[in-house]
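Look at the two complexes coming up: chain A is in both, with chain B in one and chain C in the other.
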Partner chain A sequence: MKNISQISQEALGNDYYAIHLIGEIDINYLPQLETTLKPITEMAQLKGIILDCKKLVFIDSKIVGFIVYLYTKLSRSNQKLIIAETNETINDIMTLVGLSTIIQFTPTFDEAVKQLNVYVTQ
Partner chain B sequence: MKFIRNSLTNKALFLFTILVFAGVILGIAFNRLQIKSASLNLILIVLAIILLVILLLFIFDVVIPVGRVTKQITNLLTGKNYKRIEPITIDEVGVITHFFNEITRDLEKISYDIRERRRMSSELDIASQIQKDVLPKEVPEAPALDIVAKTRTASEVGGDTFNFIPSADNNQLFIYIGDVTGHGVPAGLIMMMVDTLVNAIISRGVTNGRELVVYTNKLLTPRINARLFMTSVVLRWDKLHQKMYYTGAGHEHILIYHTKTETVDAVRSGGIALGMIPDVSQIAQEKEIPLEIGDTIVLYSDGITEAKNKTGEMYGLERLTESVRKNGYKPSAESIFDGVTKEFANFVGEYVQIDDITMIVIRYRGNEAGASKSKLTISKEGVQQERKSVIWDWE
Partner chain C sequence: MEKQKIEFNLPANLLFSGITRCLADEIFSYVGFTKEWSSRLKLVVDELFMNAVRYGSTQDASTVHIVFIYDDKEVEFRIDDDGTGSQKTTAEELKARIAKNSNHNDVTKTSGRGLALITQIWTDKFNVEKSPYGGITLSFVKKIEKTPPPPPAIIQTVITKPPTRSTQPAVQDIKEPVATYNISLEGDIDPLSIEKLAMPVFEQVSAMAEGSRLILDFTNLQYINSTVIGHLAAWYKEIHRKKCQLVLKNTSEQIRDVLDLVGLKKVLIFQ
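So, the complex of A and B:
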């Protein structure tokens, strides 16, 4: 069965957002990902973003590159990026290039929200 | 008046009507005034003047505009210089003139695009050639190793690279494979940059792969876009002690075929891709790969594991590992390479190549009798058409 790929956003309070990545997100979805994230990253009050990967099946190196760019951009403004609930394949792709050494990963989405709450209240 | 001006037929009808009307008026006038003695000459002169006026109108309104546009069309068709014409009528001749102007404008645009495409294609060919020239022509001396390395770009310029560079004291041989995010010209430019940096850093006297990765990353990161990075594995062959070491920079697994057990280990290369963060000194590590005679190391880029067949299924690490296991017993790096790439080509069938692919097979042969200088083969095909796996067969 063919995976239906989708990118959606969810506001988790005023300070942080979740981006839900579903299916196979490759270079073809990069413009949509950029469009979704641009207004969010430009918000002055933004404290952090969670990339929800629970239903993510595949990403290619262009998307990994974009995640690195997003991490760099958020870090410069003291904002946090958390990658939540990656399956084994996604985890392999991300850890292989070394993303796990610079970006925080959490096993569940709730854990990511908890981590961001802690970060926001700090 | 517009009714008359916008059609040649209407014009002809109009002029014919004038002629008939003039004849009728003249007839009525002669009859009413009872000018019986009016000479035939007078009638003919008046009619001749009217005809002349009609003829002049016809010449200026039809013949001259048609002549102007016909001349320019003939010039265009015979390859001579032509120029666009300002339409002076709005009838069929005006429409033809406008059409001629539009068509020549489009032709000039198409012609410009073709010239530009040719120029870009020629520049891409040059870039492709420069990139091929950067790839090593032969492996520096390392008699204990049997090496085959090949790369195929998905477009004219690729983002995969590899090289074999001896250390300044010639006691070590650095072997690296690199894969820049994406492919095409941006990836190719970074590949060239990294290759230059790696060569320069080794020539300055680094003693291990970790230093090489740390320095390359330090120089590369501020020079590239934050979205671009290069994954890499650096192998260091200690010629004196015949030991192999690796330093990962976020690259694919290193496959190691153990000849004794006929098994393959897929070792995570570790580290972080070059260009992601400014300092990787706390992350990069050099580790040893214990080798016995007959063992083989396979390095590859993700263009192989992420290649799909016509049903959209990826080749994947598991198939590649199994393929190395099946072919690892073969007596030379070349035969192992051939076996692995044949299985890969069979899997992907005619699916179009969308990413650069590179593979290096290094077989440790120790001081086997007859061991000669390491062999290096680099694919050289140009890329002007969609890559299909039937021509991926690297034989």
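So, the complex of A and C:
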């Protein structure tokens, strides 16, 4: 069975980052997710991160736990986290565990960019 | 449909969680579950598989035993481990831990709660027992659902402001409130019963006259979750609009820490 799951990062201007989550991101992808985000969260100039979930089809409780950890870490430094474009399945689990009450969700990635007021140099 | 049984063994390795989810999804869809229910049950299977492999088995040395039994009325899932994992625990101990975690529905504490929360909310019957293979058998039964599930019983209050930038000061200057109301918060804060706890406060907040004070007594509530935070933010907003005062009495240190984290500590008054 070919696994097409993928985690990638994208700089949005100098101060913001997008993390694109694609496919089924489960506990097996946790090390990669941590490795991707560690240097980003250590940047002094970081102002916010968007988790792009447009092509995300599955997450397990370990990834939910990591998102909570990420939110807590960013909040303590007054940095933002926005979760963008979750499908019904992802939204279901995020809502059930209460994430939708503390983390900002946007229906589209563009809306998340707009919320962060990101100015991307073309 | 006659009862059908699919039984197979897999090496204890989380790399096989994808295959297990894929098969579970196929079975749940085939027997008639809606797409939404299949997705939910797939997640339950994934949690149980992860639990058996991580805590009940030795990676690659052990085998986990998986069984699906289904007909046109219900589906049953069972998974057995050999009990050689890092966490030596009995079925009774695990049952107790699951019950404890399901009562402590704290969004900042995810370890173990996935298992506790979703298996109890999304299945009809969840069981933990001693396995003939040496470890623990985790199983659930679910009646086939042919209509989509209702949304989770959680109010989706989104705190859109940055958590540490709350700017509205608390109404501190009410020397002699028009009236003072006391409500003691008691009961469970799990998704199914939290509305019962919150409803008296909602009603009181709606009925309050300008200049009055509401004291919420947290003596019997030692922890809160994100849903309570959402409610508190909504109550505070309404109370502030009415130029009233919201006072939190006897909050535990843990509760104050959480409120500090989300920025509410700065705008609430504590007693």
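Throughout what follows, the second predicted complex is superposed on the first by the 114 of 122 C-alpha atoms of A that agree within 3 Å, B and C clash if a C-alpha of one lies under 4 Å from a C-alpha of the other, contacts with A are read in each partner's own complex, and residues count from 1 in each chain.
Definition applied: a contact is a pair of C-beta atoms (placed from the backbone, for glycine too) under 8 Å apart; a residue touches a chain by one contact, two chains touch by 3 or more.
What you are looking at is a predicted structure, and each value in this text was computed from that prediction instead of being measured.
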Contacts of A:Q104 with chain B and chain C, given as first, second, both or neither: second
First, second, both or neither for A:K73, with chain B first and chain C second: first
Contacts of A:D60 with chain B and chain C, given as first, second, both or neither: both
Which of chain B and chain C A:N28 touches, first, second, both or neither: second
Residues of chain A touched, compared between chain B and chain C (which is higher): C
Footprint overlap on chain A, comparing chain B with chain C: 27, 60-62, 64-65, 68, 72, 95-99, 101-102
For the chain C and chain A complex, residues of the former touching the latter: 14-15, 17-19, 21-22, 36, 39-40, 42-43, 46-47, 50, 105, 107-108, 110-111, 113-115, 117-118, 121, 151-152, 154-160, 162-165, 191, 225-227, 229-230, 261-262
Chain C contact footprint on chain A (complex, rising order): 1, 3, 24, 26-28, 58, 60-62, 64-65, 68, 72, 75-76, 78, 80, 88-89, 92-93, 95-105
Chain A residues within the chain B interface of the complex: 27, 60-62, 64-66, 68-69, 72-73, 95-99, 101-102
Residues on chain B engaged by chain A in the complex (per definition of touch): 179, 181-182, 225-229, 231, 249-253, 268-273, 276-277, 283, 302, 306
